[in-house]
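Each of the two complexes below includes chain A, the first together with chain B, the second together with chain C.
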Partner chain A sequence: MDKRKAVILSIFIGPPIVVVTIFFVIPVILTVLLAFTDMHITLEWRFIGLENFYKMLSYDPRVSIVVFNTAIYVPAALAITIGLGLFLAISSIYIGERKGIILRTIWFLPNIIPPVVYIFLWRWFFDPTRYGFLNAVLSLLNEDPRPWLTEYALPIIIVVNALIGASVCMVVFTSAIKSIPRDYLIAAQVDGASYVQMIRYIILPLIKWPLMFMTAWHIPAHLNAYVYTLLLTNGGPYYRSEVWALYSYHRAFSNFEYGYGAAISAVLIILNAIAILITWKVFGLKRMMEIQGGGV
Partner chain B sequence: MNFGKILLYIILMLISTPIVVMVVFLLVASFSERLSYGLIPTRLTLDKWSFLWGPIPWGLKREYIWPVLLNTLLYAGGSTLVRILLVTLAGYAISRISFRGRTFVLAFQMIGRVVPGAGLLVGMYFTLYYLNLLFTIPGVILIRTAMGIPMALWIMKGFFDSIPWDLEWAAMVDGCTRLQLWRKIFIPLVKPGIAAVAVFAFMEAWEDFIYVYVLLPGETKVLSVLIQRLIATEVIDYPLLAAMSLFYTIPPLLFYLITQKYLVQVTLTGGVKR
Partner chain C sequence: MNVKKLISVKLLLVITLASLLIFSSITLLSNTTSTLASLLTAALEEVKDAKVIKLRAFCIGPGPMPITRATNLEDAAKVLNRILEDLGADVRIEIEAEFSELKWGPFAEKFFAEYKAGRAPDIVIGLRDIPVLAKEGIIIPLDDHVAAFWNLTYFDIYPSLWRSVTWNGKIWGIPQDATPGCIWYRKDILRKLGYSDDQMARMLPPDAKGITLDVIVELARKAKEAGLVEYGIVHRPSPGDTIQIYMTIFGGEVYDEESGKLVLVKSAALKMFQWFKKMVDEGLIPKEPPSWGTIHSMFVEGKVFATFASHVGTPSEWMAKYGLSEESFKNDLGFLAFPPAVPGAKPITTLGPLPYLITSQCKYPKVAELILLLATSPEAVAKHSIRTLRPVTRRSMAYHPALQEWPYGYTVETAKMLEVAEPPVIHPDWGKYKSIVYEHIKGVEAGILSPEAAVEELVKVLRAEIGDQVLIKD
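Moving on, here comes the complex of A and B:
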């Protein structure tokens, strides 16, 4: 590379690289470094080796609950995300163009509404008093109001988080299905295949890659997601809906145990790195880009 | 119509009910005095919109929405400007100049989408603290820009890719330098791309919650944090919150409804492909 080219390049891609390095790469490094300190409210750096990880594994009583919740939350949210996304995509095509657009518009809404408003709406839906939707329906049936968010905290946050993912999957799968050549489906129809057979033998095999990619993508996504949970149940009641990523947030910013919070985050970073590497190996960079390009 | 199809419609209607009901609630509640059965207004009124011309009828302190809106606009506007500047420069280089590490820059956008942004808050908090940028709007802007760059760059590159090389060759033959080329030829041609990136950056910042919540002090409220504070109380004033939420949702909603088709395409393909 000659000198002139280097100068030009540094003008063009220098600024973003600097910004990404300082404000993204360094936070990652700092998080990992902090994981080996007992950084707290006094903001003093004191390295304590693996103490935080030891605490996590042996004597922090909340960790087992949090791990248990996360172990239920991630697979369940993933299943709903992919399953519902696929179901919506296939049905929206099956029921015809105009009705399909209405269905997709409704289901795209969770992605448009800002997170705080989305959560406000769910908060109303599950309000423990008669002012909430579910309890209003119950009161029509002469039943007493129930504290939904306390009774079913974990299932509710699973659904609330998964709907956002399903919304994304619906869009990706719809465009993948639409890019299947019409001839295949017409040929199958002529041969007398039922719609279920067409889904099973034509649509699913042909959207295999987007399907797998969305699955691979949503595993870390659900693992990392905690904002909706923070807003809706705040992990409660008594840690019953606390997931791993939220636990890190709570340790760091509610209890000011920055070091311990960072250690919990560091576990997340490692899990993410593994997920990315596996995805990379299975799909290859080029195919990942292509799938993101929305086609097959 | 056969049995299976009817069943499908029933299932679709059932699972879509919560979303539809919520949207109806948002619209109805904001113009209601109170609600019975959670959804039926006792009387229609514009009272709950009084936060637009008076103090917010909540809490003991007299608070107004306009300073909060100004903060939100500063944050969203700043994010937009910084991101556009950075990715229009870099998008050109990645699309047109071949150099080592180009694939890596592109691969980075994959990583950027998966990495736990909100899980890095501890690291971000301390980075800003040591740079004396903690609890300032520029600090949050830079953090969010760094995370948004990969995706924005990907979109921008697509737009640069779609511009024919002939134009560039002609300009170069006429003695244009790279920077002139960028400013005079490319910037006017990638305006749709700039618009797309701008809109995304603005909406992302507008809807942002966790970053402004942690990295900005309590006094510098933005709309999302204000609404969160109002939700996190024992007794929620639903009509008031619905009005404020609607006010806060109108920009993204309008914008998505108008450009829905075009945008989905941009998100998925990263620019207009030929």
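Moving on, here comes the complex of A and C:
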């Protein structure tokens, strides 16, 4: 590479590398180091080796339920995020440009509302008294109010989190579908393909990159998400909606066990890396890059 | 003995007593004056050539009502400056008292971050974990100061409050506030059920002596069946000292003074969980604890018969934020300590104390001590109680002219609870204990755990989290 190209590359890539280093790499290193200490609220610490990890694997009685919840939550939320996002994208194109814009605008609203407001609306929706929206509807049918967030805590947080991701996917997939050359779709129609066949044999294969990107984006997003769950159910009732990221938060900032919370977060870093590698393998990233580069 | 002799004997006794009193007062006064002088001298030596001493204080709400925690410090500095001016001393005290509406956790985090950075305030009020603060050397003991001024002023503060700031044989703070927990109930709902005020006073005495928790439950049941309320009883949506209350009224204990360890009595815990399950099954307690705002607004609006989620000072918040009128406070609300739930248990209220502390990073601890002396004076206590409706912390306040009439006389009445309140549990793992027990209560209420399973899980989790610092008793 000649000197001029190297300088241009540095100018473009340099700042993002600095930002990623400061706001990601260094915090990750500090978190991992903290995981080997017993730092608590007074910010004093001692090096304790693998004690935190031993506690996590051996005698923390809540780890099993948290792992179980996370194992349900991440795939379910991901399925809704990608599936619903794709469905909305295809529907918004199918119904025509004008109606499609209105549909996409409505569905994108959760993304532009501040998280606290978004959750307050859901809390009102699921309020356990008869003043909540759902219970108000039930009272019109002469039914007693139900404690929704107690009885359906995990499914509710799956839906609440997934809807945010679905709206982002909707926008990305819409853009990707619209960039497919229309000739392919017209030719398929001429050959008698149904809309479902066009989706399956033309649209899905041609939007593989955005599908892979959104999947790879949202797996860590759901693994690391805790804000909405914290505000909506706080992991309750009795850990029934406690997921791994929220558990790390609770240990660090509710119990002030910073060292142990960091150890839980350190596990999350490894899980994220594994999840992304699996995603690349499943989607055949290497093959896709070869094709992109002009290979067969 | 004839009358003349009797009178002369009585006169002799009176003169003797009066002489003793006058002599003691002079001695005390001279002792106190000399102590005050020596402490002022020590304080002046501390400041040396400084002209202006700046002190910083962090004061917690949470919420806007107890701002007097900060303003009393500022007023104290003014008084101290006046004393210094009168003494001809060329030094003045400035105090920057930061009042924070942060909740307990974030306040503590902010404090420790500043402490670690070497910028801790000189005075802090809002931290309750005295054993941790003392063990880590974050706060300084105040024994010498309290001893020096005991006869002048500190003797007057309720003994239970002094016990709450004593750990490992030393005094670590000056008591500023107390919030005895209690049950608040709606008298207007009882009137609708046909009870007179006299009947209410007999059924629900403030000290809860002679009654059991079943009385509250029965009245809550009647109110719900009559369609007068949505819920009979609501409780805290977060862990708190009510855990100590619940364990005690069901016949258990939470702390063993001899060993200095926390305690779980399994039989009491089982009865407690069974009670909560029964209350939820009957619809008297909501399956899902409402938020703080909902709890307060529902109680103020009369949609709940009794709340376990408040203390004697909460009405000030109800009036400021939830629209409770003074008339309604006076006529429609009643309170009592928590009655026992099982035979053999006793009524209980907890102290909820909060002291001023001096940090080890304070460069002028003697000056800070004098500020605290003045900031906890009877006048300062009166200002705080008038503002917050929290009980007065000094016995002599019963005679304070500003606290004789309603509603401020209320703060003198409720101070009686400080005489009988359970001392707070002072143990580094008490916060964890409360959180764990509370989570299991929620698990039972949600129907996830049976009471028996909740006890088993509780034992498992307490052992894992607190280890040998908790004694498990049958």
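Just so it is clear, the second predicted complex is superposed on the first by the 246 of 296 C-alpha atoms of A that agree within 3 Å, B and C clash if a C-alpha of one lies under 4 Å from a C-alpha of the other, contacts with A are read in each partner's own complex, and residues count from 1 in each chain.
We adopt the following convention: a contact is a pair of C-beta atoms (placed from the backbone, for glycine too) under 8 Å apart; a residue touches a chain by one contact, two chains touch by 3 or more.
Quick caveat, the model's predicted, so the values are computed rather than measured.
Participant: Looking at the overlay, does A:Pro27 come into contact with chain B only (first), chain C only (second), both, or neither?
Facilitator: first
Participant: Given the superposition on chain A, which partner contacts more residues in chain A: chain B or chain C?
Facilitator: Chain A has more residues touched by B than by the other partner.
Participant: Report for A:Ala79: first if it touches chain B alone, second if chain C alone, otherwise both or neither.
Facilitator: In the superposition, A:Ala79 contacts neither chain B nor chain C.
Participant: Return first, second, both or neither, reflecting whether A:Pro128 touches chain B, chain C, both chains, or no partner chain.
Facilitator: So A:Pro128 only meets chain C here.
Participant: Could you look at A:Phe253 and tell me whether it touches chain B, chain C, both or neither (first, second, both, neither)?
Facilitator: A:Phe253 contacts both chain B and chain C.
Participant: Would you check which partner chain A:Leu50 touches, where first means chain B only, second means chain C only, and both and neither mean what they say?
Facilitator: neither
Participant: Report, in rising order, the residues of chain A that make contact with chain B in one complex and with chain C in the other.
Facilitator: 43, 123, 130, 253
Participant: Which positions of chain A touch chain B when the two form their complex?
Facilitator: For this pair, the touching residues of chain A are 1, 5, 8-9, 11-13, 15-16, 19-20, 22-24, 26-32, 34, 39, 43, 84, 91, 94-95, 103, 105-110, 112-117, 119-125, 127, 130-133, 135-137, 139-140, 163, 171-172, 175, 217, 220-221, 223-227, 230-231, 245, 248-249, 252-253, 258, 261-262, 265, 268-269, 272, 275-276, 279-280, 285, 288-289, 292-294.
Participant: For the complex, give me every residue of chain A touching chain C.
Facilitator: Chain A residues touching chain C: 41-44, 59-62, 123, 128-130, 147, 149-150, 236-240, 253-256.
Participant: Over in the complex, which chain B residues touch chain A? Could you list them?
Facilitator: 8-9, 12, 15-16, 18-23, 25-26, 35, 37-39, 82, 85-87, 89-90, 92-94, 97, 99-100, 103, 105-108, 110-127, 129, 131, 142-143, 145-147, 149-150, 153, 178-179, 182, 206-207, 209-210, 214, 224, 227-228, 231, 236, 238, 241, 245, 248-249, 252-253, 256, 260, 264-265, 268-270, 273
Participant: With touch defined as at the start, can you tell me which chain C residues reach chain A in the complex?
Facilitator: 105, 108-109, 112-113, 115-116, 132, 136, 138, 230, 286-288, 290-291, 294, 298, 432, 435, 439-440, 442-443, 445-446, 448-449, 457, 460-461, 464
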